[in-house]
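In what comes next, chain A is part of two complexes: it sits with chain B in the first one and with chain C in the second one.
Then we have the complex of A and B:
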């Protein structure tokens, strides 16, 4: 049995109080949401915060709230609910699909969307679809909020723009525009409890059912220090008619946009090759989705 | 500093004083004398420590006992009805789904949670629901068969 280091535990009942408590701990406090990452790191001795602050008792942090033109997701919402909620499965099924391959059912019942974002693992499952959907995050410190696009949030492995005493309080996702299709493809050695070798999230929006590509986002995961846009692939997709030939070119360009490392899960060269394959598949699936609506 | 918490385990209330750094697995096993919940990897990978927390199966090694304050917990000790095994337990015995037995409490609880939501799961749905519980003996086939058979018994 691995013992957790000692810490004090706080469970404030408002976000303002949580900010206050976290500020008082200086840099020695950490937020605990689902605990599926922080507790493992604490057991391994990689982290030993003196204070843990839970958000669980704060009203509204574990729900999804529809707003005009989109939804606001609370940071403490468990991953399982991203799959279970009708609204998510019908309108934001890209996020549901990514959620359904995160960890195991047991992990999905504890792990939270906020935790999956803030821990900033380069192979995390939720940031790629969220970036493809253009999600924004709201951070709070001393009762003051600031909003930034998820695209600008990640810095590197485990590193983000969030300050030590700041809390992720909301994730905002806009409704998909008409004629939008998307897909998330994750390559794994096995089907559960697995970290991606490579994952790709794409979203394309056409200007009309048979028209040209108005907006394209291709997000690559586990092939750089953070989830990245395949910029050159996105560039050649926009303004063109979606064809198999175009998708093949975009996929080939995407493989030049990544900078993977070789590790236990796969070699760098293999990962680049898989970026091409998965990008092509995801683009085709996204188009098929638009056509079948 | 220790906190006084109330745990509602298998329909019985326990009031315990726990240090915040103790996991639900530890408190169930060591303080409440309920050692049916196993401690395997202790990292959320193996599922041996599975308990049902407010209708959802979770890795109790990744839950702080203080986070379970006032919540309903079902452990393997709360599954049988006195001397009568639960249909899932009975099916595990009959299908040879218990070999060394270490994963069994977690498997039974994940299966119970599945069958409460889905009375007639497909093989795929059973495998998916048990995918957080590792078994190194059976190769899973007998476990999947046991859950399928239990679902049929429970429907009657």
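Then we have the complex of A and C:
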């Protein structure tokens, strides 16, 4: 049996208190949300924080609040809720789809959206759709908030812009503009309990139902040190009429935008090829979604 | 077919309630008063000399009760097959794989034990690493075991008929290579045990094991205890699949620590330790040459096999024989030659896993037969039907198919899957494949040479006659032997299922070689049937004397005595029974004499009413060297059709349908038989598509978790059409034989053949990941 190292546990009842507690722990404290990542790493001996601070008792951290033009998601919201909530399934179904292929029911009932973002695993399931949707994160330290686009949040595997005593307190997602379609495609060895071999999130917005592509976001996952934009693919999509040929070209360009490694889950060459296939599929599905609305 | 009261039905498992409510107790759920926790120090290096071990700091840690190394444990060698005892409890001079055991600690809690382990200092001198079996056998390679200078742990050379001469007569010959990867048994419950040594010198070892008998023998031998002082017992066991079929390190270490401290000691493997201890499926490298005539008649097979054995022999001696002997059948094949080599490497030891030694050979050959059928322009199912063995046929290596419903199996899957409508008519990306297989129904001989009975059983009646206690050392490891043996006891006596209470998996209950080689339904079943009939006869004989009715004029059915020649006045017996049990709730009533009342009469005469049963196979065929591995009193056989979809742009394979027919001789519990078939298929799907233990350059397992070592989830398994074929095996109890392992045989090749049908690609390396298939399709498109 693996045993947890010893640690002190705090459960503050306000965000201000949480900030204070975390600041007092200097750099030896960590936030614990679902624990599906940190507990495993603590048991393996990879992490041994002296203090764990839970946000669970703080009002509002586990909810989704509609605001003008979008929603605010609390960091402690468990992944399963992203699938359950009507609002998510109807309006933000890209996030629901990604959530539905994250781990297993057991993991989805514990893991949180905040945890999935902050742990910054290069193959995490929620950052790609959130980036495709243009999500922003709100970070808090000593009671002061700052807002960052998720695009600018990740640095590398396990590395983000969050400071050791800073807390992710909100995730803000804007309503999709009209004539928007999206998709998340994840290639897995088996059909559950999987970390992606490659995953692609795509969002395209047309200027009119049969018009040109006004905005395009293509996010590639598990093929770089963090989820990345397929910049050259996005570039050629914008301003063009969506066609199968255009999507094929964009998909081909996407595979040149990534820098995968060969690891336990797949080879670099295969991953590059899969970026092309999945990007093409995701773009086609996104377009179909716009057309069928 | 004869009607039975209990067997051949779908009764719920005896432990169903306990399992579904979570009430079932497994070893790690148990605690003992005053119990200590043990922890192991294992080697971080795959090949190194041990220069120095210093345990002094660990010994001084408060809460530590004992620290042991080879110095304290001694150097008695043990293993599975007496021909290759090559392990000691702890390493003495050198370590041979990452995880090799060096020392152990017993402490008041697990935290202290683990901390103490971290305080033990070991100085190593690294030795050259041998991770590749072909490198290991090269001239000049360092010997992993001094007694085996070229690292060949075992080799087998067998020839039946004359293969070279026969090949000269063939119209068509082809040679193919095939390789799989080292696997894990992937049982859900890690090995765990509690050893308790009492003040009278008795050791009781509670363990998650498939074979209490073999563990008892090994523990007694290694620790120098009289065998009568060692009792091994198992509570619920969460799967075994082979790796739990012999004594493991923690069983020996916990016993040693308990003997030294006088306190119970518990030890449980982490999942990583399960992967390190391993003893599961070997990596096999097969090269098969098959010769046939134009009409598809199989003439000759040449099989060369190299196996990566890992650091110790474990079951490997048997495995290297099975790698050859489980081919040939289920087809009539007059000439067969086998050369098998098992090499030592600096990796966790490989051993036995479901379909022992034969699964990869079967995958290789059944795919090759598919190629041959295509080359000859034959339907692959027809090729198989043409060569099929029938009841009474004997293989060239002397396996007697005393029952063999192979043809029925093939016809059942052909019709059940819609083969004729689908084969050759599916669109690109969809495929259908077929394969066959067979397996032993119990090893014909124990793993050590002996005249021992393979199974014994005892049935004891309670004094009130209402409860039938069945005692057997057979091991229910989740497969359902407790249920099957309970049903058999009830059927043999003529009582109700709920009247029988089974106690099993304990060396105090008798001798049983355990749950391996698919033996318990046939072998333990024979013993139980015999014990049941013994009890039945004893009760009827007493009753006969008492009522003055000949035994043959009576029968027992559903717990009632049947008087064949009309009504009998038993009012004397009844009123006596009721008088003696005044105030009890279960007084017998009704027009018929109950078994309970009859058994009470037997109790009055005998005091103890015990039925006895014991079984060992009769003379089995084969006088050649190695004939002991593969000969069996009976053989199960099966055929499968698998349908797949392949995503041509990613290589991802989806299993759409599986149609499986298995000849189990006679199904004691039909639901249980289907469960074994489905379990085998699921395991086969995992081996075919996902499973591979991966190593880094230092010999460390890099995926010792169920996150990165993938077995199929519920979402990966299609519905299975499981068809039971019953051929009435003359050597089995009520005609029953195996289903536990044989059902896995056709799964992998049927999947491979379906993948070929869908893609035109022959994959000869397992697992067929989406990447492997995609890259192969890409390669083919280039040409």
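Keep this in mind: the second predicted complex is superposed on the first by the 293 of 293 C-alpha atoms of A that agree within 3 Å, B and C clash if a C-alpha of one lies under 4 Å from a C-alpha of the other, contacts with A are read in each partner's own complex, and residues count from 1 in each chain.
One rule holds for everything that comes next: contacts are C-beta pairs under 8 Å (C-beta built on N, C-alpha and C of every residue); 3 or more make two chains touch, one makes a residue touch a chain.
Since the model is a prediction, treat every value here as computed from it, not as a measurement.
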A:192 in the overlay: touching chain B, chain C, both, or neither? Say first, second, both or neither.
both
Could you say whether A:3 touches chain B, chain C, both of them, or neither, answering first, second, both or neither?
both
With the two structures laid over each other on chain A, which partner does A:266 touch: chain B (first), chain C (second), both, or neither?
second
Under the stated touch criterion, which partner chain does A:80 make contact with: chain B (first), chain C (second), both, or neither?
first
So, A:91: does it touch chain B (first), chain C (second), both, or neither?
neither
Quick check for you: in the superposed arrangement, does A:249 touch first (chain B), second (chain C), both or neither?
neither
May I ask you to decide whether A:35 touches chain B, chain C, both, or neither, giving the answer as first, second, both or neither?
first
In the overlay, answer first, second, both or neither for which of chain B and chain C A:161 touches.
neither
Counting residues of chain A in contact, which comes out ahead: chain B or chain C?
B
Overlap of the chain B and chain C footprints on chain A, residue-wise?
1-3, 104, 191-193
What does chain A use to touch chain C in their complex?
1-3, 104, 187, 189-193, 195, 197, 264-267, 269-270, 273-274, 277-278
Given the complex with chain A, which residues does chain C contribute to the contact?
110-111, 114, 268, 270, 649-650, 652, 689-690, 694, 702-703, 706-708, 710, 712-716, 769-771, 774-775, 778
Complex contact set, residues of chain B against chain A
1, 3, 19-23, 25-26, 39, 42-45, 47, 50, 53, 56-59, 61-64, 66-67, 110, 128-129, 131-133
Please output the residues of chain A touching chain B within their complex, sorted ascending.
1-9, 11, 32, 34-36, 39-40, 43-44, 52, 54, 56, 80, 103-107, 109-110, 191-193
